[in-house]
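Down below are the structures I want you to see.
Next come two complexes built around chain A: one with chain B, the other with chain C.
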Partner chain A sequence: MVGPIASLSQLNRADGSASYKCPATGYSILGAVNAPIELPARRDALKPEEATVEVFVKPGTTTAGVGERYVEGILRSVLGKIVLGREKGFPRRGVVLTLAIVGGENVQRGDSYLTILPALLHAALLAMISASVPLSMTFSATLLGVTKSGDIVRDPSPTAAKAAVSLHVFAISSKNHLLLNESEGRFEFDTWELVRERAVSICQGVTPASTDGDVTMGEGTASASLNGFIRETVEDQVYSDYAYKLDDI
Partner chain B sequence: MSAPLVLLPSDEVPQDHLPTNNSNPLRLGPGLRILSQPSSKGSNHVLTATQAGLLTTDAKRNTVSLLSFPNRRYIPTVNDFVIAQIHHSSVDFFHCMVTPHTAHALLGQLSFEGASKKTRPMLKQGELVYARVQSVGVGAGAEVELTCVNPATGKADGGLGPLTGGMVFDVSTGLVVLSELGKKLESLGGFEIAVGRNGKVWVDCSNAAESAVKVTIAIGRCLQETDQQNLHTHDQKKLVMKILRDMKLVS
Partner chain C sequence: MASSTAPRNPTTPSLSLPPSQFARLQPHAYLLAHLSPPPASNQPSIRANGRATSQFRVTSANAGSLTHTNGSAVVRIGDTAAVCGVRAEILHTNDIASWSVLQASSEQNFDKSNEVGESKSQDEEDRGHIQDLNLLVPNLSLSTGCAPGFTPGAPPSALAQSLSHQLLSLLHTTRLVRADDLRIWYQPPNLDSEEFRSAGEGMDVDTEQSGPEREVKAFWVLYIDVMIISLAGNPFDAAWASVLAALRDTKLPKAWWDADNETILCSDDVADARKFSFCSFEGDAAAGWRAVVIPDAEEQKQKKGAQQRWILADPDGYEEGLSQERASVVVDKENGKTVIVKIEKHGGWAVDSDDLRQLVDVSAQRWDEMKRILDQC
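Our next item is the complex of A and B:
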């Protein structure tokens, strides 16, 4: 399976930016973060001690609609929880995140918006890291589809997602917490539990031991995990930015 | 020296990377925080990162800090030198812009070297000052205060004050190498430069007479290209030669 492609700090004028491409679903996202900045009007009245996170999702070819508003809400609640809005310079300021969908199929009206959610989450996280917004943890997300025959498919393409019985998006933090669960379609608790285990193994690269104590072989080396991928991307960028400093050491 | 260590948010700083000098307390730089876990035997302290970056320690000053991405937005910190632009002036203060889209920083009308009610600089909108961050206030929405004098001596140390002439270039908050340009341009009268922590560099070459504009632009181009392409030292020297030739400043 081809892994995702990402790079950091591509835009010069934004405080932080990242691009993320998921080859399995074909989506390509460009994210930019400006923080901390002064928000117009008094949008900080509810929580004056914290930073306000604002998220905008722009589809490549049309104007933003109901689907975009829906994922913006999900992203805002996930990111609002991990951004440390009380650090120096952040209270009463805004963290503005703009995500542009620059490649991949358009999500048609009425289609599930969950297919694009993991790509948006990854682009958002990398852009936040690139802007040095203080975060309490990192995370990675994955999309899993359950087919009619009960198989769990990782990152189904939009057409495969349409045929799936249920779709699940999980975000797992770097500390192994379940940060986000969005499920759609008909499924049972047992199915959900299986899907969750699979999501943890994809994000963490830790294959959970089965009941008889054996460790199932297969995908799940540390570097193949999504959390490992996020770490490698960030490390590469730090090494290239501080190449002059590392030469001295 | 141990291997370079890159931390991500929520990573713990390993004990063996901390400086072992115990004479003065350990000081934390930006990007790190201390978390305490109360347990039965006192509390347990761990240092965790809140930003991604390269961990650096200074054994002499007993500090540990995280070098984050250089393209980030500048957050005012006491004692930093910045280049600010006057936005408007009121009775007691000049309102200055330090970074775009943030609240204005305040610069007292009298916080210049030798300023009094009668003699004080009359700065207009758009003019530049080289100032130092005096205070950032406490709590949410506090105002940032700048000053152009050292409050202890009343002198403008390190070239603080209004910047006249010249031109400002935006670079990333990380810094770049300049000495090569200095050597090459000495014959043309040299140049004056002020570097602000907020990612701005001011260049003035009024000594260079007729080629002043050319020299200023050449320096600006060198700075911005070095910044954008992340050049190494030998590439930077090549770039300086190339741009100076392009602009017909050296043969």
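Our next item is the complex of A and C:
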């Protein structure tokens, strides 16, 4: 399986930006973060001691609709929890995140938004890191589909996702918390637990003790884990940013 | 003497606050004081609204409340009230731009289905038709003055829009309504079918079947409008329960294609109208929005090992405003076995597998309760 492709700080005028492409599902996201900025209308915010996280999702070809509102709400609640909104300079201000879906299949009205959610989450996280927004932890997310025969498929394509019996999105934090879970379809709790285990192994790179080594090899080659991938992406960016210093040494 | 006692009396009440003021000034502390009473006081842990942690509010449902709709229901969960009306309109296949393409592809499916197992691919096609043609159009409105935060007449808020989306995607994933119930068929008479086609019909019938094979002439489109007329937390539960009750109440008139007039005619006889045949009673959003309250100031205490989080079922508006993490479970039961239809959990990391397993169990109990309520209405 081809791993995801990501790069940081592509846009000049935003405080931070990131692009993320997942070849398996075909989605490509461009994210930009401006933080901390003054929100003129939010002087009397609900929580004045914290920063307000605002998320906007723009689909590639149409205007944003109800599905985008829904996914914005999810992203806001996930990111609002991990952004340290009480750091100096952040209270009463806003962290504004804009995510543009620049590639991949359009999510039609009434379609499940789960297929694109991991890509949006990753792009959001990388853009936040690029903008140096203080975060309490990082996370990585994965999409898993359960087929009719009961197999768990990682990152199913949009057509495979439509045929799947159930779809699951998990976001596992760097501290091994379950940050987000969205599941839909028809399934039982035992299936859910299997899927969860698989998600943890994908995100954390903790290889489950399996009798044959094939599965562990398949997921362990390209980048050990999705959390590792996020770390590598940021490390690469830091290396290139500080190249002038490294040359001195 | 009188002058010395007079000032004492007013000072004693000013030191203590009535509970309602305390709740407004220190909402977190107020909720916490209820959930974790001091051990000396010997009081049980109870929510500020007097419920136990996994207790739901009193739920009532009433079907057929609106006369001008095909089906309607009013559902109240505590102080949250939702009115749902289902209106059916006819969508001619002539008006569907991609109809011939869709039909051709479904013909292929039919061929395959004979080999593989009819019911499954029929299911797929149902989903395709309902989804591709947008036969279900739910909308949820919060701009009714249901809560102080929502001004009446304002454009739909982000919450209303995301709830609409959740309703729609849940209707799609549960396949609650079968596409077959929404189809209006026409059986061409055998004798003059050839000349009837040539008379001016041939536009939409490009799959040339000479036999009297029956064809779809139109679809029913269901507009499912939910108005939350009072919002005190947990809008999704109330909305979904009202959608369920309204769909169970919906009667579609008998409709047929009239070849002479080339229109769809409907019978106004109530006896001819039919209800939906649901595949199963899709359970309600049983656990609904269960909130997890993790007070901000208490994070240090959490490390001490004491229980510093509570999972509250069916939160009211006050509790919802104070909690960050939400988990919602929708379950259905098939032959007594619990099937999860949807799990949603975000906004924190306190709830993990063990808690979710518990939530699913509670949801299964709630399913029985909701089924009883909806059966009665």
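Just so we're on the same page, the second predicted complex is superposed on the first by the 233 of 249 C-alpha atoms of A that agree within 3 Å, B and C clash if a C-alpha of one lies under 4 Å from a C-alpha of the other, contacts with A are read in each partner's own complex, and residues count from 1 in each chain.
The working rule: a contact is a pair of C-beta atoms (placed from the backbone, for glycine too) under 8 Å apart; a residue touches a chain by one contact, two chains touch by 3 or more.
All values reported here derive from a predicted model rather than from experimental measurement.
Peer 1: Based on the superposed arrangement, let me know which partner A:E87 touches: chain B (first), chain C (second), both, or neither?
Peer 2: First partner only, chain B.
Peer 1: Going by the contact rule stated at the top, is it chain B or chain C that touches a larger number of residues on chain A?
Peer 2: B
Peer 1: Can A:L8 be said to touch chain B (first), chain C (second), both, or neither?
Peer 2: first
Peer 1: Touch check for A:R196: first (chain B), second (chain C), both, or neither?
Peer 2: The answer is second: A:R196 touches chain C but not chain B.
Peer 1: If we overlay the two complexes on their shared chain A, which of chain B and chain C does A:V55 touch? Say first, second, both or neither.
Peer 2: After superposing on A, A:V55 lies clear of both chain B and chain C.
Peer 1: Is A:A124 touching the first partner chain B, the second partner chain C, both, or neither of them?
Peer 2: After superposing on A, A:A124 lies clear of both chain B and chain C.
Peer 1: With the two structures laid over each other on chain A, which partner does A:I101 touch: chain B (first), chain C (second), both, or neither?
Peer 2: neither
Peer 1: After superposition on the shared chain, which partner residues are touched by A:S132: those of chain B (first), chain C (second), both, or neither?
Peer 2: First partner only.
Peer 1: Look at A:S112 in the shared chain and tell me whether it touches chain B only, chain C only, both, or neither; answer first, second, both or neither.
Peer 2: second
Peer 1: Quick check on my understanding: which residues of chain A belong to both its chain B contact set and its chain C contact set?
Peer 2: Residues 173, which sit in both footprints.
Peer 1: Given the complex with chain A, which residues does chain B contribute to the contact?
Peer 2: So the residues of chain B touching chain A come out as 1, 4, 6, 8-11, 30-31, 50-54, 67-73, 75-77, 101-103, 136, 139-141, 174, 228, 230, 232-233.
Peer 1: Okay, in this complex, where on chain C does chain A touch?
Peer 2: Residues of chain C touching chain A: 120, 124, 131, 134, 136, 158-159, 161-162, 164-166, 168-170, 172-173, 324-326, 332, 337-349, 351-353, 356-357, 360.
Peer 1: Contact residues on chain A for chain C in the complex?
Peer 2: Against chain C, chain A makes touches at 65-67, 69-70, 72-74, 77-78, 80-81, 108-113, 148, 163, 173, 177-189, 192-193, 196.
Peer 1: Under the definition above, what is the set of chain A residues touching chain B in their complex?
Peer 2: 8-9, 12, 15-16, 34-38, 48-49, 82, 84, 87-89, 91-93, 129-138, 173-175, 230-231, 234-235, 237-246, 249
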